[in-house]
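Have a look at these structures, which come just after this line.
Shared chain: subunit A. Partners: subunit B in the first complex, subunit C in the second.
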Partner chain A sequence: MTATRQPPLLAVEDLSVSFRTRSGTVRALEGVGFTIARGETVGIVGESGSGKSVTAYAVMRLLDPAARVTSGRIVFGGLDMLAADEATVAEIRGRELSMIFQNPRASLNPIRRVGAQIADVLVRHANLSARAAAERAVALLAEVGIPDPARRARAYPFELSGGMCQRVGIAIALACRPALLIADEPTTGLDVTTQATIMDLVAALGRARGMATMLITHDLGLATERCDRIVVMHAGHVVEDAPTEALFARPRHPYTERLLAATPRPGRSLADLRTIPGGLPDLRRDDLPPCRFHDRCHRRSVDCALPPLPRRVENGRLVACRHPL
Partner chain B sequence: MSALAHARHVLAGNPVTGLAFALFALLLLAALAGPELVPYDPLASSDRALSPPSALHWFGTDNLGRDVFSRVVAAARLDLGMAFAAVALVFGTGTVAGVAAGFLGGWTDRVIGRVTDTIMAFPLFVLAMGLVAAAGNTVANVVYATAIINFPIYARVARTEANIRREAGFVEAARLAGASTATVMLFEILPNVLPIMMVQVSLTMGYAILNTAGLSFIGLGIRPPTAEWGIMVAEGAGYIVSGEWWIALFPGLALMLAVFTFNLMGDGLRDIVDPRRRT
Partner chain C sequence: MTAPVLEARGLSKRFPIGRPGLLARRPGPLLHAVDRVSFAIGAGETVGLVGESGCGKTTLTRILARLIDPTEGEIRFGGEDIAAVPAGRFSRHPARAAIQMVFQDAEGSINPRFTALDAIAAPLRRLKGLRGAALEAEVARAADRCGLPRALLSRFPHQLSGGQKARVGIARAIATEPKLLILDEPTSALDVSVQVVILALLAELKASLGMSYLFVSHDLNVVRLICDRVLVMYLGQIVEEGPAETVFRAPLHPYTRALADSIAIPGERRAGPKLRLSGDPKSPIDPDPKACRFHGRCPRGRELCAKAPPPEVIAALGRRALCHQPLTEAA
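So, the complex of A and B:
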């Protein structure tokens, strides 16, 4: 797409992850692939259980012990994340690659002052002395828009509101100027006005630092507002990957189309909202069709049940469907 | 909020805590300065043997004419000192072992779990007796034995508290920020476990005092003529039937008061140590 043929910051290639559970193997991700360029904001969109968070944790290489990567590669800034040793990955986490979470209060240690928790990352990765890190932590709190930062640095998480806690989380994540920020449903637990200010903050700080963002959300409306490109996931597959305007103007995958029809938009009546029939297929099944949307799709035909899952690439977008719109 | 103002706030909320800390201050004073403050030499005998409590001898005198009050006060240093040493030892080892077991799981958990199970399989006082008898009848061994029999309490409580925080959001967040397993364990989990362990410290201080006094009561550890509550109760026990009740009663009361104080202090300590209680 871009004129300069720079390698992408993050490339996920043919990633498959399965979980061994008591009731069988769950094929949580299958052949997932996408790239994120430097400075780009990419939304990973899908309903609960579609594999968004598993993808994020795989990139961080912090999957549950029950999870196994069965195929694929994750290349971040030239480093093969799945092959690198633990010390190298720990070096990168929090410095080049950081994350903000769905539940900001739970992601802070309840018994330590927030300033100290920000300083931790700086001491670990930026080689600052404890004193310099504490001063820098206060500066970071100011940067994320917390009033009276010197006093707030001495506060405990329970003394702060949810939005404030998320600001602290952002300060921790951005302390070392990472190249990529993974935001896992960062505004789900917050009220609507706080949601907007938090997203504005992430966008502004990201722009100022030339940071790429991977925004994981089930809120297609939020993703269209904030992202350059959207990767739509369904039941562990990437079903569509397209620039936001193109996706919005003309969805090609039946699932994306249904998802858009289920998202309220300005200028449309609420009565036009449609639900998507059915639910996610049971990923423990051995006879999963190649297209996992098969059972819910209104455009399916007999040949949809035949492997392999087609992946059409055209005009910088990808659609995994035999009968795209 | 300053530490002092915070302590005042906690005390205002719970007057019993205030009482506990006042009693604790009294015990501390006796332990630190007792031998220097008492009116008589706790080891010096006199010709006033077995005299009942009076203005001259507040708690009476024993069979050798030693002043019971002086001995009770002077003994605080030894009794509290031994209990404190034992608790400090088990607090360090038990908490770290428990946190490691709860957080790391796997083999660490299994080994530490079996060790605590083995200790708990014995009647604890009998185990302490056996350990002291086998290792040698010294003050140090009484301290070690007391620490060992309290180990399961610390290891188990710390294990549970670490285990429920193993998958907590902040642990995940710390890992995602590049923290190593040891860092997460010592700087994220351990501080969360400490307030709960502080309550254990106070409770086990009581048990530890009883245990060391109990061991000397049956003749292990401290030897006469040292002033020690357990020995004094043992020495006085024979005189109760003949009417000289004060020789055993006062050291017994001192023991009871010490155990009572530390049990009362438990909750108050948690309120002061745990920042989540600061509202």
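So, the complex of A and C:
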């Protein structure tokens, strides 16, 4: 994928975001960069506080007012998202670029029927009449596998199960056939059997439409099953970016290695699992080490005081470490 | 299995819903949350309880912890049927201190106006009647066991990290040195790096205090990791029971098979067709006693499944399923 000359669908370059808070400036993202090609599914994984969601919201240009982008570019389909005016972004958001959220019920409007919420997107972006949009909404509900869609279109979110609400969320996100879907922990809080069917649905629709997906998750199992490539984040840095199989076969960044070693999987006993010493550094600190894993790393040495410039260790694989494994 | 520390026999909980009409002779509709459930937990054993939300896991744990009364059935614990003790009076029963619970949401289950010390002291004060220096010594002992630095004992929940709050929840539960600890998704809110530490702590405590665990979880990779045996619930019934590894590797019940097929394994892509469920479970309100509750969602369902309740199939010692046509190793 990276070998082709075609420019990537999404390119995030040197993105830094900080938040002003009462207790100081939180440097949530620093120098984050990665690309997503057309049709590709890329996982963004990391623990809470690693900056996964901030990255997603930055791409959607939905960051909190307290956030400030201090450096970097986000280029989506040739458009500089950070430089574009609000009207242009609003035109793209929901049509070319859309998002499904972690808590499906909370992300829907509780006092509007779900069919109307899907129709909203179509009226706004696809220039459909209200009636045509309502009909299309029912067809979309059928497409995401909701039985009896005509009746369910008239339901309110509280009348539907969590799995069904997420299907509605997917119908809204995919109504205009976006080129990129951002899925922020789309199955957290759903039952495992429902999780699997929801992810099957996203994968099938993605394949059928050649849609790219950015899957944000802390679940390495989910990332393994669904992603072509995985971007590992730690404390606001991208530490490793590699094809899924290569990443699991041989992690190169010490953090990735530790993360995999801490994750339960069949055939491993509790004694086989290892912990990661320490916690995430306080991102408000002024004296954050250039490598934010520095204080937790078992491989650190003197030159780790210098920035861990991302380098290509093998084809299609980047590692931000001076002493990769 | 070793000698059971707790044995449940035919436990049921049915909640009346809606109001029965004033003049109605017939009782109103009943929600069958737990339906004639029998199982045992051996001494020193970790038993996993899995199933989708709404299947009755929480109701079952609340019955076992004697927070609510079962509609029928027995709970043998310490040679006595503790189901016969009303929930309201159980707080003064000696078994209260012997069955403790760790809740899912460590943040929400600790009184925000209690310091860590108050939270851990409460059960010791109420159930063991400890006061003063003896109380403080026991609190410190529980905190030490759970790796909670004593300096943190004066903090309130909002001043603690997720992992530290989990430790407070565990310290509070083990302070009275229970025989049985019911753990309701104790690590679901934690990051993997913290989860490992908490799971290791739980394993260590179990060994040192000789406890048994009932471990409720959605994370089947974790269940597989720490449980000796597993109970699979579906709509109020235990549909399968067996050693954890066997249950997930060679499930008997089609529902368990769908669960096992839904587990995403880190670093491993499984080939081959996977069993997926369609639709939602049936309503637990007045279910048809003559049909299998999984019928309609089950890919193997036959006519018989709608006409007769499924029999209990015993495949091996301690290995059973509730199904008309259980899967075999080859299926």
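Convention: the second predicted complex is superposed on the first by the 309 of 325 C-alpha atoms of A that agree within 3 Å, B and C clash if a C-alpha of one lies under 4 Å from a C-alpha of the other, contacts with A are read in each partner's own complex, and residues count from 1 in each chain.
Definition applied: a residue touches a chain if its C-beta (ideal position, glycine included) is under 8 Å from a C-beta of that chain, and two chains touch if they have at least 3 such contacts.
For clarity, every value in this text was computed on a predicted model and none was experimentally measured.
In this superposed model built on subunit A, subunit B and subunit C occupy separate space and fit side by side. In the superposition on chain A, A:A262 makes contact with subunit C only, while subunit B stays out of contact range. Looking at the superposition, the partner that touches the larger set of subunit A residues, subunit B or subunit C, turns out to be C.
Of the two partner chains, subunit C is the only one touched by A:L270; subunit B is not.
Using the contact criterion defined above for the overlaid structures, shared-chain residue A:R284 touches neither subunit B nor subunit C, since it reaches no partner.
Angle at the C-alpha centre of subunit A formed with the centres of subunit B and subunit C, after superposition on chain A: 80°, rounded to the nearest 10. Judged by the touch definition given at the top, the superposed model places A:L222 against subunit C, while subunit B stays out of reach. When both complexes are overlaid on chain A, the residue A:T193 reaches subunit C alone and has no touch with subunit B.
Between subunit B and subunit C, the shortest distance over C-alpha atoms in the superposed arrangement works out to 11 Å. Shared interface residues of subunit A, touching subunit B in one complex and subunit C in the other, do not exist.
Contacts from subunit A toward subunit C in the complex involve residues 47-48, 145, 147, 161-164, 191-197, 200, 218-225, 245, 248-249, 258-260, 262-266, 268-270, 273-276, 279.
Contacts from subunit C toward subunit A in the complex involve residues 52-53, 161, 191-193, 195-197, 199-200, 203, 218-222, 224-226, 248, 258-259, 261-269, 274, 276-280.
By the touch criterion given at the top, residues 60, 62, 90-95, 98-99, 101, 103, 105-112, 120-121, 124-125, 156, 158, 169, 172-173 of subunit A touch subunit B in their complex. Within the complex, the subunit B residues that touch subunit A are 168-170, 172-180, 183, 187-188, 191-192, 195, 274-276, 278.
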